[in-house]
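Common to both upcoming complexes is chain A, partnered first by chain B, then by chain C.
Right, the complex of A and B next:
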């Protein structure tokens, strides 16, 4: 305890450590944001809490593994995997929406829980049967697998790339939602599905598109983590998805901006918290969530539910 | 007849609301749909739009059966619905509300563009960047009609547009709807405000408990005190 307090103290008074830890936190925040933005987008528009969102993240990592191993496992193939994996997961998401979720819109909420929870178990088993039970790693991102020196400390190039890519996705998502007709239509359908359909919008198709987009974002998170690299296995999603749910709750269900802010808070608190109280670091996210909910039960950017 | 509703029955769950209701609207006509609270006016319009599809009977638009089709298909065939509770998208600006609804006209008529509806509803132009949720009741009423117009419909279903508006605004709304009528728009107008409705309409239907009780010209209804006192409480 005393040792870790001094570790924390040493780090926040040392510029290089501060920046390094902050950047590590940022790279985690960005993956959390990608996962959480998909989750919050799906909730905001479809009004479905997708408990299987972590499964989509896990499938993203496996899709990346599959592409890399199919192509011979050499460095550089990771980049192809990174492009393909989100598309594969979006496709799976499209099938899930059309074949299953459609049947439960507007039905009692426990059905959402049963259905999406069933999908978690099903997907984990299918993955085990297809890929086996041993942990997997994919060979790294080739040209970006080195480190750069930031204030004299090494920092992985890949994490810098990841931060940049996630920022680009965040900006793209914002532009799409605010500046395109598709985005306006998505926001309209999120607030009034029936009226939007009476204006000539095929809301069923729109929901499929939104679910595919949300699934693809979760899959992108998984593929990016696979390149970090983290070990790939059927329950690799547990920690990340738990944090993503906390991020969404803190930011406000349905708010993409809230997901970004929530991800930044949770990831930085975890990054610095582990220096302060390593044995309790997992609890920090919950403490923050409880604190936010006490002040704003609907999250930072959310709003009270009307219904 | 551009719209032909033939003997429809509509239910909410188990309770039957419309009983073999029939009505028709000719191209270029303004037809009033009158009735007390709970008579079934909204349900009739929702049945036509496909929002609460009729369980039996048929709805023909330009000779084509549309009952049972989803609302977005019906909307794209050229019917616009203006709900009584306006249903403006609160988080979208005035222009974004209009943008979502924009469709190209199917016939060669002059298209209703955002600029053209701003010329009709002059107050809306000033509110262009304001959020829908921040508009007053009267402004929302203008926007919901404008939003229907930019879809370039051939038939508009207006549900109690005068409801909740101050007298001065009702008068302005009347002028604006008359202008639409003069440009050839076909309108089925649900109303409780008899004077407002008759000042605009060619013909009228009076419904009560989901059944048609009167059908005839606006002038005939003016004279028919019995119908008015029995079903409209006037």
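Right, the complex of A and C next:
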């Protein structure tokens, strides 16, 4: 305990360590944001709490692995995988929405929990049957597998790329929501579904599109993490899905901007928390989630749900 | 017609409190150690334990309309309490065993008091968060809980009287019947009927002057108490406690058991626990499953089917069968007087389910709508 306190103190007072840890946290935050933005979009429009969102993340990682292993592990193929994986996962998401989710809209929430719980188990076993049980690893994006020196300390180039890409996606998402017809429709449906439907919007189609978009964002997060590289296995999502729930709750269910803020908070809490109290950094994030729910249930950026 | 009507009644009563089917089931359970193999007695003990958990959970889900996603915490707290007292202190077994449900009830009091201020979806997420805090502590506080290695409860710490498989089975059976009897009395008391009224329309109940949140809190604590009892029985049953039993997916499994059996019937969750564990056991022991864990396909598939096609569960299907066998006229006053005649049950069940499954609300769609 004392050792870790001094580790924490040493790092906070040492500029290089502070920046390095902060940037590591930022790269985690950006992936977390991508996953959580999908989750929060789905909740905002469909009012579905998608516990299987982590499964979409896991499928994204496997899709990336599949593309890379099919095309041979040469450098450029990871970038193709990164483009293909979100599309594959969006397609799977579309199927799930049309075949299953659509049947439980407006039903009690426990049926959503049950359905998405079932999907978690089903998908994990389907992946096991398809890919086998051994852990997988992508050999990393060749061109960016090096590291740059920041204040004299090495920092992975890939993590810088992650930060840049996620910012680009965030801006793109913002522009889409604010400036395009689809974005306007999404925002309208999120604030008043019935009125949107009454104005002639095909809400059924919109729900499918939004779920595919959210699934694609989750899948992109998985593919990006796979390139980090993290080990790929059917239950790799267990931790990330809970983190993304924390992020979404802190930022406010349904708020994309909130998801960005929540991701920044949670990633930094775990980046520095692991130095301070390595044992309890996971518990700490849940404490923050519980505290936010008690004080401001709709989160920092969200709005109270109309009952 | 008359005989088919009788069949309908019998089908329905088998799932409610008809005394004859109940006595037959109890007799079979008592005779089970003679009738089935030793390993099946072990399985049956597990089923009884999860049945206690599922019936306790349904006091909230089915009777009060409250969806907790943190109940695995109480299950785990019960198990860890009995294990830690037996392992770390020299206190007698009785103390450990009585403390377990009480500590779980205390935890439920704290979680419930905080959580019940929140509306449906926030309530569920809050219980999830608190449950995961408890899980993190059990998982990471290695010095105290054994962390990810779990904690062994040595057989020596368990009294001789209940140390063999069959003896422990009877111990569990007695406690399961006791817990079920108490919970049955609770749901059929004025308190229980008030809970159902809260489930249907908490605002109206509030307007009548009943302190809704306090009623819900009491239901939450009772549910936590018996969940803790089930958790401590599981620790003694497997001689082991592990953080896995506190993880939020455990709560989802119990939710599946409850809905699989039928949440609108008192015994439904126990039936669901039995089917769930039997199925899981069959899949896990099949020769093809040695390298691939196929239980996820079975359990996950079951969850999807129940959620999409049979939200009323097996109990609902049996009632439907009974209803069809009984004909349309079956709902007249011909039913014997009981706590809840079949026809009334069926009608209220259908009405309740229509109301609860229908597109009733614009936003969250949850059965609880207590804006604090």
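Structural remarks
Note that the second predicted complex is superposed on the first by the 306 of 307 C-alpha atoms of A that agree within 3 Å, B and C clash if a C-alpha of one lies under 4 Å from a C-alpha of the other, contacts with A are read in each partner's own complex, and residues count from 1 in each chain.
Here, a residue touches a chain if its C-beta (ideal position, glycine included) is under 8 Å from a C-beta of that chain, and two chains touch if they have at least 3 such contacts.
On a predicted model such as this, the values are computed, not experimentally measured, just so you know.
Contacts of A:195 after superposition on the shared chain: chain B is touched, whereas chain C is not. Using the contact criterion defined above for the overlaid structures, shared-chain residue A:126 touches chain C, although it does not reach chain B. By the touch criterion stated above, A:9 is placed in contact with neither chain B nor chain C. Of the two partner chains placed by superposition, only chain B is touched by A:203; chain C is not. In the superposed pair of complexes, A:249 makes contact with chain C only, with no contact to chain B. When the two complexes are overlaid on their common chain A, residue A:185 makes contact with chain B while staying clear of chain C.
Shared contact residues on chain A (touching chain B in one structure, chain C in the other): 194. Looking at the complex, you find that chain B touches chain A at residues 49, 51, 70-72, 75-76, 80-81, 83, 87, 89-92, 96-97, 99-101, 103, 147, 151. Considering their complex, residues 47, 49, 51, 100, 103-115, 117-126, 128-129, 133, 193-194, 242, 245-246, 249, 253, 279-280, 282-283, 286-287, 289-290, 293-294, 297-298, 305-307 of chain A touch chain C.
Every residue of chain C that touches chain A in the complex is listed here, in rising order: 61, 67, 69, 114, 117-122, 124-126, 128-130, 132-133, 136-137, 139-142, 248-249, 252, 255-256, 259, 291-297, 299-304, 306-308, 311, 356-367, 369, 371.
Interface of chain A with chain B (complex): residues 181, 184-185, 187-188, 191-192, 194-204.
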